[in-house]
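Each structure below appears as structure tokens.
In the two assemblies presented below, chain A is common to both, partnered first by chain B and then by chain C.
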Partner chain A sequence: MRFRVERDEFTEAVAWTARSLPSRTATAAQQQVLTGLLLDASGPGLVVAAFDYEVAAQAKLEATISEEGRALAPGKMLAEITKQLPAAPVEVWTEGNGLVIACGNARFTLRTMPVEEYPALPPLPPITGYIEGGAFGAAVSQVAVAAGRDDTLPVLTGVRLEIEGDVLTLAATDRYRLAVRTLKWRPESPDAAGVALIPARTLLDTARSLSGGSVEVAIALGTGPSGEALAGFAGNGRQTTTRLVDGQFPPYRKLLPDSCPLIAAVEKAPLLEAVKRVALVAPKTAPVKLAFTEDHLELEAGSNGGEAQASETLPSTYSGPDLAVAFNPAYLQDALNAIDSDQVEFGFASADDAEVAAKKPAILTGKGAGEGEAPDYRYLLMPIQLNG
Partner chain B sequence: MTSEAGPMGPMGSDILHVDMDAFFAAVTLLGRPELRGQPVIIGGGPRGVVLSATYEARAYGVHSAMPLARARRLCPSALVLPPERDRYQEVSRRVMAVLRDVTPLVAPLSVDEAFLDVSGARRLFGTPVEIARMIRARVLADEGLTCSVGVAPTMFVAKIASTRCKPDGLLVVPPGDVLAFLHPLPTSALWGVGRATEAALDRLGLRTIGDIADCPLLTLRHALGDAAAQHLHALAHGRDERAVDPDTTEVSVSAEHTLSVDVAEADQLARELLRLSGQVARRLRARGRATRTVGIKIRFADFTTVTRARTLREPTDVSQEIYRTALALFREAGIAGRAVRLVGVRAANLTEAGATGHQLAIDERPAAWSQLDRATDAAGHRFGAGAVAPASLLPRQPPPPRAPKPHNP
Partner chain C sequence: MRLVIARCSVDYVGRLNAHLPSAVRLLLVKADGSVSIHADGRAYKPLNWMSPPCVLTEGEGLWRITNKADESLLITIEEVMHDSTHELGVDPGLRKDGVEAHLQVLLADRPDAIREDLTLVRREYETGIGPVDLLCRSGDGASVAVEIKRRGEIDGVEQLTRYVARMVEDPGLPHPVHGILVAQSITPQARLLATDRGLATVTVNYDALRGLEPSIPTLF
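Now for the complex of A and B:
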């Protein structure tokens, strides 16, 4: 194998795929080959790949191949080396059991790993449709924030992706909040349909890496070589396939009402700043209290008898009963960061019973959806019930 | 042994761990000066264990908690004296008073050791190093006793430091040196690593604290359970978020019960966990405390013991919540079918109750368990503990009637 590539392209491709390498110590001896990065110059172009049996990442880039072939190089080492290469074209070739990387006056020789033992990478399933990378990345970020991180509830560590014709619906929940985003896309067939539960972290990583420029992202739902359910994402020469999360995502649609009887509207940016400030005195999971009165919102955290206490008042558009509701400040900040609008609306479950409204989920949305039109992003936030 | 930083002392190493040297033995020797320089063991009591020993006796391998018989074999020349608990208490009170002169933030761990947070005492008394020197000088001048002091940015590092500089030492670990200090140490130096945990770590090939720091959390979890893995991993990276809190001298509430006969039946053990969880929760509520870490202890018929613990996402004083966690830990421990001799439930990581509230979940109705507990407590106050109890804790068979009931036609 022998090829010549542009330094920056090579470095980027190696760095991107290297993120999918399994961590060294977690890998059993028989899976040592998975710590390698595959350099596949069977042409056309060069493919750099990493695979940990869950996620396969492949980056394709232009290369001048003078001798076709494949090699498996120690992944972490290769990534470290490419990061530090001088600004000059890179020439890579195999020499016996070694891989030589020459760039400018620098020259490295790495011992290769047995490439014939490397598992076959799952092919991308047939493409289900396309979406603009920036929009997809933003939508995934809005939703993945609500996904669970507790490995004892694996179903909740996934983002549910549902396809219904030209509408994509993404949803995630950790039981304490639920984020749902709908957006348009271009399906291959008008009656495309499907559901996949995708590991949130992988999806977020993938969507972000495909969100630059005007990348067209292909989404592919299907099955892998051994019949396992797979999702694939491709664009800009990058391709990720991942196994899906097993299990049944909670039925969430019934939790989202068509409309809320009581709504408070607040300027988003000042509210986010105020939450950050008052939350400074709330230790860990302690609540921030939101007290809505006619046209005002008072935020409060900490306790009078405790170490510290903070409060701040903001204007709001509200006309309902005096309502005090408590939220986890981190969850509230996540919502405000995710909502793409100058204003945020809190939808409550009851217009006349403040106690009911403070115990039921609040629906946070941005402003701007037309009359009778459901907002494309909704963040359901469960309150904290205060003792006594 | 004394190793110290420069005269200004390091910024950020504000925690002191003060540990009296061979406390019981040293106090006893104050009244028996002729025994100085000789191996002396303080011990006795019903279980016959070493409570304390002079450093001369320790040189023979004697250490506290060792059976007296064994200590005698190791060091036949040692003089064994009975403990003088009242004097230990008295001296301890005076030493703690010296510490409280420096700062109110003193958290005694036992009669002979305490943590101090001296971050607020700099203006009055100087750097932590200067304070440590002053404490050592005052304890020596007032009581004729030596102590060892560890100075570090966190409680557990300060404790390790004091252990490493014993006896009559002062060891300062500046914030930038914490990892370099910790990582070469054996795993057993960490707080919470006993013989069983050490063996489990050893099976993973982890022998130093640095090894733990480099080990993926997932691997640790499989070997030790969630709570212990998180805990050790954080410590190995020098992280310890606990603050010196003079109020948290009570670190845990636990209840355990030795069964009258060994039990293997899961349902019966679950009922025992329910009863113990109720006891622990009731005690928490009576003290106005809530727990974030629930643990269980299971001792089998062959006296081997397993413990498991889990940290909750928010503190609780609700019986049902503690029971649910205890039961989950029991099921996950994979010990079904083994004959059990003793069952225990422990609530640790205590906080003030009512400080945080309860985060509702999408698949949960506002819980009534908490109200049920308050009602049960109130009934207990009026009619005696156990007046109201979960139905599954009622005797399975109705007790035999004392006299045949008159039969009404």
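Now for the complex of A and C:
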């Protein structure tokens, strides 16, 4: 194998794929090969790949190949070397058991790993449709924030992606909150349909790396070579395939109310600042209390006789009974960060009974999209019961 | 895991030089890349070894193992009596009993399980002679030092007595200062001594604590 590539393109491709290398040091000998990065110059172009049996990342770049072939190089080492290469074209070739990297006057020889032992990478399933990278990245980060991080409930560590014609619906929940985002996309066929539960961290990483510039992302749902369900994302010469999370995502749609009898609207940025300030005095999981009165919202945290206490008052648009509701401040901040609007609306379940409204989940959305139209981003948040 | 039994001599070249004269020994090559040389004794302790990351190069009658610090282990092999490789898979690891530490974490989240009116001020409160497990506040504003043990014995009572004595001297803490010894079980002697010292004792059920429903309501 022998090829010549541009330094920056090579560095970027290697750094991007290296992020999918297995993080923990593989102990079993058969997994040793997975710590390697595959350089595939069987042409056209060069493919750099990493695979940990869950996620496969491949980056394609232009290369002048003078001798076709494949090689497996120690991944971390290769990534560190390419980061420090001088600004000059890079020439890479195999020499016996070694991989030589020459750039400018610098020359490295790495011991290669047995490339024939490297597992076959799952191919990208047939493409289901396309979406603009920036929009997809933003939507994924709005939803992934609500995904569970606890591996004891694996189903909740995924983001559910549902395709119904030209509408994509993303949903995630950790039981304390639920985030749902709908957006338009361009399906390959007008009656495209499908559901996939994608590991939230992988999806977030992938969507972020494809969100730069005006990249168009292809989404592909299908099955891999051994019949396992796969999701694939491709754009800008990069491609990620990931195994799906097994299991049934909770039937979340029935949790979302059709309409909210009671709505309070608050300016988002000042509220976010206030929550951050007030939450300083609340111990780890202690709530921040929001007391809505006619035209005012008072935030309160900490307790009488506790170490500290804080409160802050903000203007709000509200007309209903006096209502006190408490939320986990971190979850509330996540919602405010995710909502893409100047105003946030809290929708409560009852307009007459303040006690019911404070006990049932509240729905947080951006400024109303219009009558009878569901907002494209909804964040359902379970209140914490106030004592006494 | 590769096991080799061979008559060999070993030279170590690095920060210090060492030589093992020719004898029959066990050579272990593990999947992490490490190589160790064992005699028929000294339990788990090898005579010499090289930790990973290191590289093993096998030549004709000579193994050379080198690491990043440029130290090397040279094994001159005269005769191989046994050479086999076994796939052990991933080891589940050693499980230690972390009940006491876990109890502290659980009770820090649910101080009301010790006594209903308690709220947590902080974990591991430094008294100057060691940290008390939990510093809590009672409903009437008093400070409460909580020492958590798996089994409540005389030692635990003595320890808590010293902490409380220190904390009484601390003007920064709200007074009065009480002490509670919390354990899964408490010996009658410890109970008696605690009462004499004016300390309370509480037994908690670890399994029940672990299975406690989270106090945070969920959507479904």
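Please note the rule applied: the second predicted complex is superposed on the first by the 384 of 388 C-alpha atoms of A that agree within 3 Å, B and C clash if a C-alpha of one lies under 4 Å from a C-alpha of the other, contacts with A are read in each partner's own complex, and residues count from 1 in each chain.
Rule of thumb we're sticking to: a contact is a pair of C-beta atoms (placed from the backbone, for glycine too) under 8 Å apart; a residue touches a chain by one contact, two chains touch by 3 or more.
These figures come from a predicted structure and were not determined experimentally.
Student: For the overlay on chain A, clash or fit between chain B and chain C?
Tutor: By the criteria stated at the top, chain C and chain B clash after superposition.
Student: Once chain A of both complexes is superposed, is A:191 in touch with chain B (first), chain C (second), both, or neither?
Tutor: In the superposed model, A:191 contacts neither chain B nor chain C.
Student: Which of the two partners, first being chain B and second being chain C, lies in contact with A:307: first, second, both, or neither?
Tutor: In the superposition, A:307 contacts chain C only.
Student: For A:386, select first, second, both or neither according to whether it touches chain B, chain C, the two together, or no partner.
Tutor: The first partner, chain B, only.
Student: What is the contact status of A:111 with respect to chain B (first) and chain C (second): first, second, both, or neither?
Tutor: The second partner, chain C, only.
Student: Using the superposition on chain A described above, determine whether A:250 touches chain B (first), chain C (second), both, or neither.
Tutor: It touches chain B and chain C both.
Student: When the two structures are overlaid on chain A, which partner does A:258 contact: first (chain B), second (chain C), both, or neither?
Tutor: It touches nothing on chain B or chain C.
Student: On the A-aligned overlay, A:326 touches which partner chain: chain B = first, chain C = second, or both, or neither?
Tutor: A:326 sits against chain B, while chain C stays out of touch.
Student: Choose the clashing stretch of chain B with respect to chain C from the list 114-122, 132-140 or 366-374.
Tutor: Clashing stretch: 114-122.
Student: Do chain B and chain C land on any of the same chain A residues, and which?
Tutor: Comparing the two interfaces on chain A, one with chain B and one with chain C, the shared residues are 25, 173, 175-176, 178, 250, 255, 285, 303, 306, 328, 361, 380, 382-385.
Student: Under the definition above, what is the set of chain A residues touching chain C in their complex?
Tutor: Contacts found on chain A: 25, 27-30, 32, 111, 173, 175-178, 250, 255, 283, 285, 303, 305-307, 328, 361, 380, 382-385.
Student: For chain A, which residues count as touching chain B in their complex?
Tutor: Touching chain B from chain A are residues 23, 25-26, 173, 175-176, 178, 250, 252, 255, 284-287, 303, 306, 326, 328, 359, 361, 380, 382-388.
Student: Show me the residue ranges of chain C that touch chain A in the complex, using the header's touch definition.
Tutor: 31-32, 55, 87, 89-91, 109, 119-121, 137, 141, 216-220
Student: In the complex formed with chain A, which residues of chain B make contact?
Tutor: For this pair, the touching residues of chain B are 214-216, 218-219, 313-314, 353-364, 366, 370.
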